[in-house]
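Each of the next two complexes has chain A plus one other chain: chain B in the first, chain C in the second.
Up next, the complex of A and B:
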């Protein structure tokens, strides 16, 4: 810290640059926690909304030992992944078909693009009419949420394969399936993966929406709804933490997977 | 056309330069018409099938009202002014929420993008905050601010804040160092550097963030109106659903899609206008 010019000032330690670089990110969370703790410790408010941190922890322990938390998490994750898998699979197939055939693109592309504009959650009332309020409706909705980003990015990925690559492959006498497998697929893969990645994020968002709106069965969304309806702040805060952690974990898995899948690309872009 | 050529005496031969333009003017509509003709069969087939399903009662009208019933309901809703008033309410919510969220996002993104110190302090907290989707914050917000207008504005603002902030920050970070070095060699002042180099270079990703922000704002609006509202397009959908009037639901869904499309098109037009200087490069 000796290299900081402001250090001679009596209040030098108040300067933002006085905090070591690695600790800077922790300052705001620490201040918030302190504020939370102080609000409780000094009785700034006796609102039912102000629960101590320890109570959130106790609730977490209670719900996890009773299994309630795990049931909810399992139910949410299962439908999230089921919807994601169906939506992604159909999206990949449709996206690839549209990308490879100009005729199909002309026929179906505009319709898909129009349907895409309908805000995702607006489908829920319709889906609930057609599929009820159970898991079938939720999975159908999640598939829809995952479908659109995958279709678009698969299509874009295939269409943006440089024509020179395909010409070069033709010169080398590649057959059609060889061109697809060795040229088009690898070139389109990064974009396809972006779509799958987005689908994962959207599916998780949609899981919450589906559980709020199609209130039946267990799930993290139902945990949050319960907490809100009964004014249990500890439930709500716990739910938010779990939603964040699951989102984080899904992101992390996807980025690991992507790094592995795209290993052959090397790190050329990172070097600049 | 002719006035332009007259006012530009520098153009060497107006006759030769105008022939390909005319040629193109003749050809363009045909291609678009062809595309339109190709795009029509699928929606028409869906509509025809849908109408047939309703007419021959393959499915009960309560589950799937015919397209003509939906159209009639749409006209009714328009005539009574119900659609317009709800649309207007939704529109203002999105506008205010989006302006608040995108404004704050631009500030945050610029702050983090230009100052490493600000970035060190805020970025980890921001990332954590962004990890929970807007819908995850909804129950907490309902408890804190109630279910009035404030809830909708805050939620929409949150939904648009995250993409705008991230894209602004990444856009500013992504400005190639070479550009900045060149500008420094030319003796640009700090302000000139920002105005003439950093901003134009970072603009496309920032604008992308704004577009995502608006899309997310619209998404959040519909979600929050479905969950907690007594007015707006989302409410119209819930209302129709509760009364088992799927024609109302479908009419409102069509409007939701149309507005989403219009918003996207409007922003694409603005982008074209703002980036008109870029066309010269290609």
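Up next, the complex of A and C:
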């Protein structure tokens, strides 16, 4: 039984077994890189709107050894995490308070539901007038971006805890604090996680938005702005690659975390 | 072995208020249950049989009359009463052994004692080897076994069962009925089963309480003086089953007794697994 004797069907590469599952996600990025490389190798384009991969790589090396890249990345990640942390923390507290108290829900809910309809970017003028163009303004904007998904999903998660499970706990004489800690919290956790996960994504998207619109200081967004203004295509492309890689890394961390925390569900929200 | 409780219900009345009007749900229920007795309660939906269980377990506390366990009035929920609901109501974030342990959170036992009693009850319901499985990995029947173990883990005096097998397929149901009988005998506990399945009621009960709806009242109490394990295909079993069933039809009681043994056997014949 040798492989040589087997004549392959002309469409064998469409068969599910042609590409192992783990590698499937890499097919399109690999093809795009190949296309990019080929465009220069075979002189398909001489437009200044595209630079060779090698040029981007060189720029990456140069900016990295000069420290510029790390300064920018550090500045972006720091404000991303600061905004994410503040927004998530406040979102968790407010969401839990609204979920546990009908009174608070009645008082705060309608206002919150109106505010969430306002496009995030519509806050930028207000925020820049209050907080200026520096880090404080950016972190405030990021907090807002992280706050809404967390508050809504936390509230929703607590409200949709099955009353049957609470009854089951009451049968075993659970006190109110025991019901909160051992029934409400774990039952609401998947929804809370969805909120925090969305906050992680929104905060990173908003980091770029904030750096782009509140231009001052360092950051990956500023790298992109510089590239555009000076028509440095390599800067722009490098910036995009880094933004994508960071997003990918954050998503990966979230999915690892979820797999550990919510393994009882047998499936996951965070995917890539 | 647990101490089996004596349950006494005296002149129990319960009503809900719907749109300002009192709506009677249970009317003048009196029932005395001996220690270690298995009582089945059958009735069509809306006859208040589940409400009766909710009162006995203590999830609802407003009623007139008396519910006494070993002579003491029932106030709220307590570890001396366990319940199995129609849905298993397991906590999906806990494993089988953790779910059984849920009942022991407020029990006065050392961690080692808790571990031991959890293990014993998992073995009792025949789930050894599944200790670390999550509910989503279990079938409906297995989940209900876990729910039974959880209800029994505090060694309650009374076990209440609210249509525990209603959502299961026929094969699993009849198997779990046998299992429940075995567990009840092993624990020597007082049990009250609410069901709308007359055969289940007769198979498991020492007595079958027939309830009628609007408002829920006791219509009749039928004794089941058959030795265990009972043979569902036997003539005596069918007779009692028909007797109980006749309470649900408009046919007068005497007419049902005219059914000849041969016909009755044929009509009710089934596999006795």
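Basically, the second predicted complex is superposed on the first by the 218 of 272 C-alpha atoms of A that agree within 3 Å, B and C clash if a C-alpha of one lies under 4 Å from a C-alpha of the other, contacts with A are read in each partner's own complex, and residues count from 1 in each chain.
The definition used in the following text is that a residue touches a chain if its C-beta (ideal position, glycine included) is under 8 Å from a C-beta of that chain, and two chains touch if they have at least 3 such contacts.
Given the structure is predicted, the values throughout are model-derived calculations rather than measurements.
Contacts of A:107 after superposition on the shared chain: chain B is touched, whereas chain C is not.
When both complexes are overlaid on chain A, the residue A:236 reaches chain B alone and has no touch with chain C. Applying the stated contact rule after C-alpha superposition, one finds that A:183 touches chain C and leaves chain B untouched.
Of the two partner chains placed by superposition, only chain B is touched by A:248; chain C is not. When the two complexes are overlaid, the chain among chain B and chain C that reaches more residues of chain A is B.
Of the two partner chains, chain C is the only one touched by A:170; chain B is not.
In the superposition on chain A, A:264 makes contact with chain C only, while chain B stays out of contact range. Once chain A of one complex is fitted onto chain A of the other, the partner contacts of A:256 are absent, as it touches neither chain B nor chain C.
Across the superposed pair, chain B and chain C touch chain A at no common residue.
Chain C makes touch with chain A in their complex at residues 57-59, 77-79, 81-83, 85, 87, 89, 91-95, 102-103, 105-106, 134-137, 154. Those residues of chain A whose C-beta lies close enough to touch chain B in the complex are 16-17, 21, 24-29, 49, 103, 106-111, 114-115, 117-126, 128-130, 204-205, 208-209, 212-213, 224-225, 227-228, 231, 233, 236-237, 239-240, 243-244, 247-248, 251. Across the complex, chain C is touched by residues 164-165, 167-175, 178, 182-183, 186-187, 189, 262-266 of chain A.
Of all the residues in chain B, the ones that touch chain A in their complex are 35, 38-39, 41-43, 46, 63-64, 117, 120-125, 128, 131-133, 135-140, 142-144, 218-219, 221-223, 226-227, 234, 237-238, 240-241, 246, 249-250, 252-253, 256-258, 260-261, 264.
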